[in-house]
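What follows is a pair of complexes built around subunit A, which joins subunit B in one and subunit C in the other.
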Partner chain A sequence: MIPTDTAVAKAGVNTIEVPVLARVEGEGALFIKTKGGKLLDLKLKIPEPPRLFEGFLTGRHFMEAPDITARICGICPIAYQMSAVHAMERALGVEIHPQVRALRRLFYCGEWIESHALHVYMLHAPDFLGCQDAIELAGTHKDIVLQALRLKKLGNEIVRVLGGREIHPVSACVGGFYKTPRPEDLAPLAEELKWALDASLATVRLVATFPFPDFEADYEFVSLSHPDEYPLCEGRVVSNRGLDIDPAEFEEHSIEQHVRHSNALHSVLKARGSYHVGPLARFNLNFNKLPEIARQAALEAGLELPVRNPFKSIVVRAVELVFACHEALRVIGEYEPPPKPRVPCEPRASTGMAATEAPRGLLYHRYSIDEGGLITSARIVPPTAQNMKRIEEDLCAYVPDLVDLPNEEIAWKAEQAVRNYDPCISCATHFLKLSIDRG
Partner chain B sequence: MSSEPTRPRIAVFKFASCDGCQLSLLDLEDDLLAIAGAVEIAYFPEASRRMLKGPYDIALVEGSITTHHDANLIQKVRRSARTLISIGACATSGGIQALRNFADSGEYVRMVYAKPDFISTLRMSTPIGEHVPVDFELRGCPIQKNHLVELITATLAGRKPAIPTSSVCLECKRRSNVCLMVAAGTPCLGPVTQAGCGALCPAYGRGCYGCFGPMESANAPSLAERFTILGAQPPEIERAFRTYNAWAWQFRKVSEEVRTS
Partner chain C sequence: MPSGKNAKKYHALILCCGRMDRGDDAIGPLCAAALEERKIPTRTLQGETSELLDAWQGAQHVIVVDAMVTGKHTPGTLHRLDAADASFQPETARCSTHGLGLSQALKLARVLKCMPASLILIGLEAGQFDWAATLSPAVAGAMPALVNAVEQEWRRIAGVTARTRANA
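For the complex of A and B:
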């Protein structure tokens, strides 16, 4: 978006306003004030209207939670379905079949491939290549855009085969799936995944050549960590500064602050303040759980642990594309249909918490249900709310280096710094509680 | 460049929603570049930094109206667009967030946030059609992406779009699904829900949950009666009709009748 230049000459204050942030999911806006080459004020405003999910989940049946919470985000509905089913299963003490667990990993890989391909190529790469969007990019780099669309389509196809449709799929449920696929349903995916694995490796090589600003920050990275695998649905919540907790303890450590300029809450760790979730955090904390092919690709791309330059998240996302394709192939190769698509779940008065790794980072759900299976309280902490404070801190550290540039360039570079996080603003605002304006 | 014929200009606007319906445009992987060649995508912030001012030939509007700001903005969008198409359950019926419309004031007071003066929101979530004239409503939570292509194509060609208006039952029969309600006694909204999904849920062994909203001639009270015969209690029936299209009048009315009966 072209920033509105409203330089107030007499005070020497230069205001840069990006009223609509482009290539992010949801509505964000950016306000920057500088004076005499110094940053005076900076706000990432979130005018996205709250949709109040926590409110209307109360009184709903526990089996409805995965379908309802999927509607928080059209970009990562599976993340919501996965956090919801795992939280409910923990509440009810339900054990799922190992093949159901594997299918959920495949389902999640589909979403990662779709979401990462979308972000890497269509939302983030245009910044590095000086384009307004992927359509313009197609004018000069058509083969790259076609590769992106084919990767994205494959991610969507995995979700469609398992869940019926790409957005808000219908098969995931507490206890398993409503219907599980036959091995022959998955076979065509494997063929395309072999191509996608190569395409992902090519993606890593391509994005590693992009020019990266010389910027690093000293983040506290937070992600799931599992003893044997790169984390998707299970694990402890860990950080590079000693956090190591069960997801059930999450709310004892992470709290949310409400700030005036944002309809998204800002999460902080009680002990230390802002933190960073998402691909960088997962990669830095779980590098040795990546398959050899992904680790090799990362090293060849010049990534050095820990990666602290948020602009390089595009390379890390590409490495995670390699992982997701590799993991999807593994699951399909070892798949045998489970004896039953789902195990029966009897309600009981209980509370369950779970966290899974959405493409954008840790997604926490907590539900309490009564003996009849109705939800009595719900809490959802999406990744973008956890990153929101960190994004502002990045901007406050990064923008002072830019103040001598023309406003249009400051705006574009600052936008790019926001897009490093692939923020999903639709997610971040949808758990706010309500105030009534009766006007 | 000046000799190029003017391409129709399309804009995409978002109100309270999950972004999923506009994502359907980007999910048209095989056709995206062809579409972008045939029309000018003049305003689509989720996909591009290039944001051109109106007027537009077609405005695709996602999301429901939940704030004063958005109630004003939709008027401007209407004035800027020759054809306005609302896409998805939020835009056509108020969406899942319209569940707030049913809450009583006591429930609301308990939901007030610690710093309520920071937030401005309306009491109701309402569809676009309650605010401005809408030329076509495309149903679904989410919409079916091929319907969107058909609708844009038909609009630009000046013909009627071929979008199904029958019930999900018809799609179920075409797909040779066994009727869940008859065979297994599973409550299913298929008989009153507009077709479009391809009878997805019944194909996955679960009852339809009505994400495409009520079909035009839906007999929802009769279906509610059937659910009662199958053993469903009034709160369950109320919940069944109160999901993604709860504020659509046919579903709203029957859910209110169930509650008071």
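For the complex of A and C:
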């Protein structure tokens, strides 16, 4: 995105505005103010209107939550469905069949593949290869773009086979799926996944050669952690600074703050402040749970734990592509249809919380339902809201080194720093529920 | 892996893009419903780049129906654009999924040389894409003209295809 001509040299103050950030989902805008080579002010503004999903979930039947929340995002609907179904199942004390659990991991892998393929190749790689966008990239690196399209198509296809359609799938439900696939439905996916696994390994090798800015930050990484698996749907919420809680305790530790310049809330840990969710956090906190093939690819790519350079998130996303393809192949190889697609869920007055790992990080849902199964309150904390404060802090640390550059270049590099997080601003835009204490 | 579903089955593939819950963006799916009533096969898409590229893979002739914004015409104005015309340079809208939509699909298809032999865009000038809104009155009034235009285009291509086959 080229900055507008609003840069003014007034009393030595240089103001750069990037009114619309390119290649991030939704609308965001960045405001930077410098004077005498020093950063005076920096704000990541989210002008997109609040979405109010939590408000209109209230009064709806608990079985509707996965389908309603899937509508929050066109790129990560599975994440919303999975957090919703797990929260409801925890509220109702429902145990799902192990094969249904495995299918959910496959479903989620489909979303990771389509989302990561889109971001690694089409949105993030152009930054490192000196291209404005994927169109220019297609002219200079045709094979990369064709590979991205094929990987994305595979991810879409996994979602379609399990979810009934590619965007806003409809088959996942509280208790399981409305319909589960036959083994022969999954077999064609396995063939393409074998190609995708090789393509992902090649992707790790390719992106590891990109030139990365010399930038690191001392993050508190937060992700799910499961004793045996690289996290997708289940686990405790852990950090590199001692956080180790059940998802039900999440709101006791993480709070959302409203800031004047943004419609997206900023999450902080009560005890320590900003934190970082997403591929870097998952990778750093769960490296030993990755399959050998992904660990090996990461080490050969020169990744050293903990990865603190957010620009290297592109390499970590590629490693997670390897994981997702490998995991999808594992699930398909071991799949036997469950006896029933779903277990019945009887409503009862209860509250349930769950977190799952969306492609761009931890996604927390909480629901309370009444004895008739109607939702009485809902809370959704998307990953981009959790990262928003951290993105601003990255920019505050990164931009001072850039202030001598022309405005266009500062804007371009700052946008890249935002894209490290693959922010999904549409998801992050909701609003505070107002309560007034008149004491 | 299914690819380019229905692409080879009909002489011209009609892809109707848009969402029912975003104001004038609904002209695509509404046009598809009207054409289906006339027994003309269509496919409805959201309009995401890889979805479009995949949908027209292997197709000779494609008609894409979508809401358009030129900013130079009043809402409801009927547009017909030939994507094969090099002078046609689609601009990127800011409201598409993850920033990649129809215009990027057209640009990518040109660069990757995977454009169909003919790709005609037919649509109406949109007035608004508000959440949960219905069509603007002017756009709703122009819907019959849009449906007729798409049918005419489809029949025109059928004639061209039939003549090509007869001459072969």
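Structural remarks
Here is the rule we use: the second predicted complex is superposed on the first by the 423 of 439 C-alpha atoms of A that agree within 3 Å, B and C clash if a C-alpha of one lies under 4 Å from a C-alpha of the other, contacts with A are read in each partner's own complex, and residues count from 1 in each chain.
The definition used in the following text is that a contact is a pair of C-beta atoms (placed from the backbone, for glycine too) under 8 Å apart; a residue touches a chain by one contact, two chains touch by 3 or more.
Just so you know, these numbers come straight off a predicted model, no measurement behind them.
Under the clash rule set out above, the superposition-derived model of subunit A with subunit B and subunit C contains a clash between the two partners. When the shared chain is aligned, subunit B comes close enough to touch A:165, but subunit C does not.
When both complexes are overlaid on chain A, the residue A:135 reaches subunit B and subunit C alike. Partner contacting the larger number of subunit A residues, of subunit B and subunit C: B.
By the touch criterion defined above, A:64 reaches subunit B but does not reach subunit C. Within the superposed three-chain model, A:77 lies in touch with subunit B and out of touch with subunit C [touch as defined at top]. Contacts of A:192 after superposition on the shared chain: subunit C is touched, whereas subunit B is not. In the overlay built on the shared chain, the residue A:340 is in contact with neither subunit B nor subunit C. Only one of the stretches 113-121, 131-139, 167-175 or 221-229 belonging to subunit B has C-alpha atoms clashing with subunit C in the superposition, and it is 131-139. According to the touch criterion, the shared surface of subunit A, contacted by subunit B in one complex and subunit C in the other, consists of residues 20, 22-25, 27, 74-75, 118, 122-123, 133-135, 138, 142, 145-146, 149, 152-153, 156, 166-167.
By the touch criterion given at the top, residues 20, 22-25, 27, 74-75, 118, 122-123, 133-135, 138-139, 142, 145-146, 149, 152-154, 156-157, 166-167, 188, 192 of subunit A touch subunit C in their complex.
For subunit C in complex with subunit A, the touching residues are 1-2, 46, 48, 50-51, 53-54, 94, 97-100, 104, 107-108, 111-112. Taken together, the subunit B residues at the contact with subunit A in this complex read 14-24, 26-27, 29-30, 32-33, 36, 41, 45-51, 66-70, 95-97, 99-100, 103, 108, 111-123, 125, 141-142, 197, 200-201, 203-206, 209, 211, 236, 239, 243-244.
Across the complex, subunit B is touched by residues 1-2, 20-27, 47-53, 55-56, 60-61, 64, 67-68, 71-75, 77, 118, 122-123, 126, 132-136, 138, 142, 145-146, 149-150, 152-153, 156, 164-168, 170-171, 173, 178-179, 258-260, 263, 341, 412, 415, 424, 426, 430, 432-439 of subunit A.
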